[in-house]
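Once you scroll down, you'll see the structures, which are given as structure tokens.
There are two complexes below, and they share chain A, which is joined by chain B in the first and by chain C in the second.
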Partner chain A sequence: MTPPVWAGTRSPVPVTEASTGAMGAPAGAASAETARQFKRYSRRGKLKTRVMTKSNAALTATLVAFGALTVYTMLTINYGKVALFDAFVQMLKNLMVMFFQPGLAGHFTAFDVFEGVLITVALSVLTTFIGAAIAFVLGLLASANLSNRVLANAIKAVMSVFRAVPTILWVLVFTVALGLGAGAAVVGLLFHSIAYLVKAYSECFEEVDAGVLDALRACGASWWHVVFKAVVPEKISQMLSWTFIRFEINFTNAIAIGAIAGAGGIGYQLFLAGSFYFSFREVGLIVYCCLAVAVVLEVIATKLRKRYILHS
Partner chain B sequence: MDKRFFLKRSLAIGGVFVLLVAVNAVSAGFVGFNPLKVLADIPGGIVWMAQNFMPSVAAFEKIDTILISLGKTVLLSVASSCIAAVFAYLCAVIGSREAGLGGPFPLIIRGIASVFRNIPVVAWAFILMFSFKQSEFTGFLALFLGTFGYLTRCFLESIDEVAGGSVEALRATGAGFAPIVTQAIIPMSITAVVSWTLYMIETNIRDATLIGILTGAGIGALFDVYYKSFRYDLAALVILCIVVAVIACEAISNYVRRQII
Partner chain C sequence: MEARNLLQIEKLGKDYSSKSKALTDVTLSLPRGQFVSVIGSSGAGKSTLLRCINRLIDPNAGSIVFDGKDVAGMGRRELRQVRRRISMIFQHYNLVYRSTSIENVLQGRLGYKSTIAGVLGLYSEEEKERAFTILDQLGLAEFAYTRTDQLSGGQKQRVGIARALLQDPLLILADEPIASLDPKASQMIMEHLRWAVDTLGITCLVNLHQVDYAIEFSDRILALKKGHLVFDGTPDELDARAISDIYGTPYVEERAVRGGLFENLEEEVLATVGAA
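== the complex of A and B ==
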């Protein structure tokens, strides 16, 4: 074994390590090997506090790549024709109006806004519930421990394609195919919901202990028995939590499709207030409505989670 | 144990299920969604899509235009995620319960993060378009603001998760705020930060499409132009390109995640 570069220098720690290595103890040899590989000691024999391991190198490379791409983008991006500083000042002024003087400006009544919020919530309830029901079945079929491998991989591949298409594009596509209305909105939102929940559910299901499944199967339990006596009871709180996260996402998406695909709800009113009436106060009011719904959802989610953790 | 335990449980589960179905029926009636009609319409719709919403050979002539705006959109989402990550990390370090400055900061930062996170990105786009008009920069700002709120919350949680013990140890040696941040918090949370940023880049590519439709920039705007001029073959090609880009991005970030851990 060749002596490491630090042998015989002044630092005492490397010398002892080198000597154990020289005695042929496997652990010592291995540590000398890794030490040389990652250059744990500087040329002057000092112990380095930071070592360039493989993962550190990858991390640095990733950060450098992020930095380079960001700088390049910010240099080449199209800033439009407005004077940026003036625009910032104007934006702050608008934001002040929006957040401190929200209110109606004569284009909508309070009832319209309330109805809009209800429509958007109803859309997200529908898509979450129907999506969760379909995704539960598909999620079972897509988990490797409950289904056969070919089917599971096929479903996962299809779902990742569905997930890659932005929700708004699904809605626009179905608007052409099914005609404008709630039907297209629900079906379009469903695609993304299902794909997201199948991934979440199947990853949950795959975590179930294989021993439990084997034990039930050895007793002669049918597939549905295995599902409802082992998989679901163990994973119900995680499933609930994922479904609720999706509900929040669906609410945001429902606003977006209202604004762009004209599917109605608070999003459509946001679009009108923002692009037609240029009414800051109404945009402010609508944003506050969205915030209120989001806060209520978050409170419910926290309560549910606490209740479930206490029970199980 | 109560003899009727199983009966009670079945009744409770059944009750919850009936309640959920009832809520859905009311919602469906309210928005005018008729599941039977939609079910009947879907096969026809899919046949129509298979005939019309398919990239044709002629559509491939425009592939370079599509790829250029797709590239711009991807870059936009990378830049907005990274810059938002920097700001979010600063906020998260200050507002962390375990390691931050303490006092009112945790509450204030959490409040700010929650407001930014819950304002829909579409609303940001409209608010910004008042002053910045239609441009790529507007899309960048909208993505940045939405991402900032989300990442601040994620970072707060990851810092509190990893930092506890080592921060206490450093504090016991008499280290101040700056050494604690540079020697404990950053080294311990950096992988989680990169992982979350990668996740946000994936999400932002999809959101950038949505924002692009409004701000008239990038792949979203291109889709909108083709869609509104009934060039469904081109629109389908745009969707295909987005799918490939998003899946490639997912694969790259999974690879990077495996390398840095």
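== the complex of A and C ==
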């Protein structure tokens, strides 16, 4: 490694290690000396701006591992008798029909599709509302500043386990327990909504200035007073935004769940059109309908997040 | 006679951890209608003392008797009843900024409300009239329906005082009420507190770190040093020597008076930087 050369701003001559040592300190040498001590150089002698920290290293290792795994799988997977190229061409053809010639083909009426969308929206509204009400109370109990620390941590832990299991799995669990149908879909969606909203709400609540809570408690306010006169007014817009974001998630989930749990709605029609009638044009139409609703919800959700969550 | 005292504190002690003691053996009594300042360098235990009195902090030792009732050993329900007669004013105002001035002021009545009435905000016409009157007395009537995040620091603190007064307090605890305010607003806030003592007969216990304000406005000055009560006397008795004992620095007349302003300035600058 070549010794790096440092040109001091106050000194016209480049100062090397030897010269500073021998000639005593020029103006500013003390700071130069300390700065040098902390500098790091790459193998080519260039000054580094990034260093390999533990988390950096872990990230790189993970990415490399995933990359290797993907390539390995691609090379070794058993494609069976499917001719990869032919299958690909067929898929493109079907997709073309789906997305460039969407329309009705006799299995559903326009009203059926419309009703399907409505049922799915209703399912997501229902699960979001009930979920929000339950999550509000649990969220209060899960906030360290409003609750007992042990209880708060316990609720948070349980909720994070619930969240870790995907919604679809919850629905399957409840399909086993309650049988196929709308009941399992509602409870399954509800479960994940509650877990999600408890986290969102309790993080909001914990942001409330401790001084404001003190001020109300010092007046002799009761716990519910503190909740409704300080916490809710300060956080209502954030809470509504999170709730709407969850509504948007629930809508997409409700489509998928309509298909697997037989809960009805547009998802079930999609399932029928695709796997039962093999009517690609209808699949296309239904997908466009879902997409239209989802995009509208997504745009609103993004606006709310920007306005009330990120910049609050 | 002890029974006449509004507040009687005996051998009060508080330690946050086993190592450091925030308060040690503090004994004092406050009569009704007195303006009392507490001075001392930061970390001396001023806030801890105030917060023990209304039990925002639970003391470890000693007794606190307020208006004939033992605060230190009391249960939650009784505590609510005592707290409604003890108001608190804060350095950072601690208002609900998304609510209007009048809503913030009316929160002073929550201690008198059932859960349902409080949650639904069912205040009587009389309470609302009084809230307006108090806002008016503090020169804030025109801001009654303004959200408090749009008020200046001095105005916010006046809303804090209005909220405190609507409680019908016997005692107001003020924890550095003017530490974030400019000299003009500080003067005004201190005058309002003095007015509450003189015309309403309320006792004010005010933490200050500006000795000059303490001397100007108080009937009596207490000083804390490392959790001990080291001075209890009139402003006249607080001479240069006493001040240098309390703060542990040699006393220079000019610095003591200006010191307050400079510290204040520094806080203002820090607050601005923090906000940016």
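Rule of thumb we're sticking to: the second predicted complex is superposed on the first by the 202 of 312 C-alpha atoms of A that agree within 3 Å, B and C clash if a C-alpha of one lies under 4 Å from a C-alpha of the other, contacts with A are read in each partner's own complex, and residues count from 1 in each chain.
The rule is short, and it goes like this: a contact is a pair of C-beta atoms (placed from the backbone, for glycine too) under 8 Å apart; a residue touches a chain by one contact, two chains touch by 3 or more.
No experiment lies behind these values; they were computed from the predicted model shown.
Undergrad: Could you figure out whether chain B or chain C reaches more residues of chain A?
TA: Partner touching more chain A residues in the overlay: B.
Undergrad: For A:K229, is the partner it touches chain B (first), chain C (second), both, or none of the two (neither)?
TA: It touches chain C, and chain B stays clear.
Undergrad: In the overlaid three-chain picture, which partner chain does A:L95 touch, first (chain B) or second (chain C), both, or neither?
TA: First partner only.
Undergrad: When the two structures are overlaid on chain A, which partner does A:V117 contact: first (chain B), second (chain C), both, or neither?
TA: Touch partners of A:V117: none, neither chain B nor chain C.
Undergrad: Output check: A:A87 vs chain B and chain C. Expected answer is one of first, second, both, neither. What do you get?
TA: A:A87 sits against chain B, while chain C stays out of touch.
Undergrad: Examine A:L189 and indicate which partner it touches, taking first as chain B and second as chain C; both and neither are also allowed.
TA: In the superposition, A:L189 contacts neither chain B nor chain C.
Undergrad: Is A:V212 in contact with chain B, with chain C, with both, or with neither (first, second, both, neither)?
TA: In the superposed model, A:V212 contacts chain C only, not chain B.
Undergrad: Looking at the overlay, what does A:L146 touch: chain B (first), chain C (second), both, or neither?
TA: The answer is neither, since A:L146 touches no partner chain.
Undergrad: Quick one: classify A:L291 as touching chain B (first), chain C (second), both or neither.
TA: first
Undergrad: In their complex, what parts of chain C are in touch with chain A?
TA: 54, 56, 79-84, 86-88, 90, 92, 94-99, 107-108, 110-113, 115, 118-119, 121, 160, 163, 167, 173
Undergrad: Can you list the chain B residues touching chain A in their complex?
TA: Counting only chain B, the residues touching chain A are 20, 23-24, 26-28, 30-35, 37-38, 41-42, 44-46, 48-49, 53, 75-76, 78-79, 82-83, 114-115, 118-123, 126-138, 140, 190-191, 194, 197, 206-207, 209-210, 213-214, 217, 223, 227, 232, 235, 239, 242-243, 246-247, 250, 256, 259-261.
Undergrad: Contact residues on chain A for chain B in the complex?
TA: 54-55, 58-59, 62-63, 66-67, 69-70, 72-74, 76-82, 84, 87-88, 90-91, 94-95, 98, 118-119, 121-123, 125-126, 129-130, 160-161, 163-169, 172-174, 176-178, 181-183, 185-187, 252, 255-256, 259-260, 264-265, 267, 270-271, 273-275, 278, 280, 283, 286-287, 290-291, 294-295, 298
Undergrad: Contact residues on chain A for chain C in the complex?
TA: Residues of chain A touching chain C: 209, 211-212, 214-222, 224-225, 227-230, 233-234, 236.
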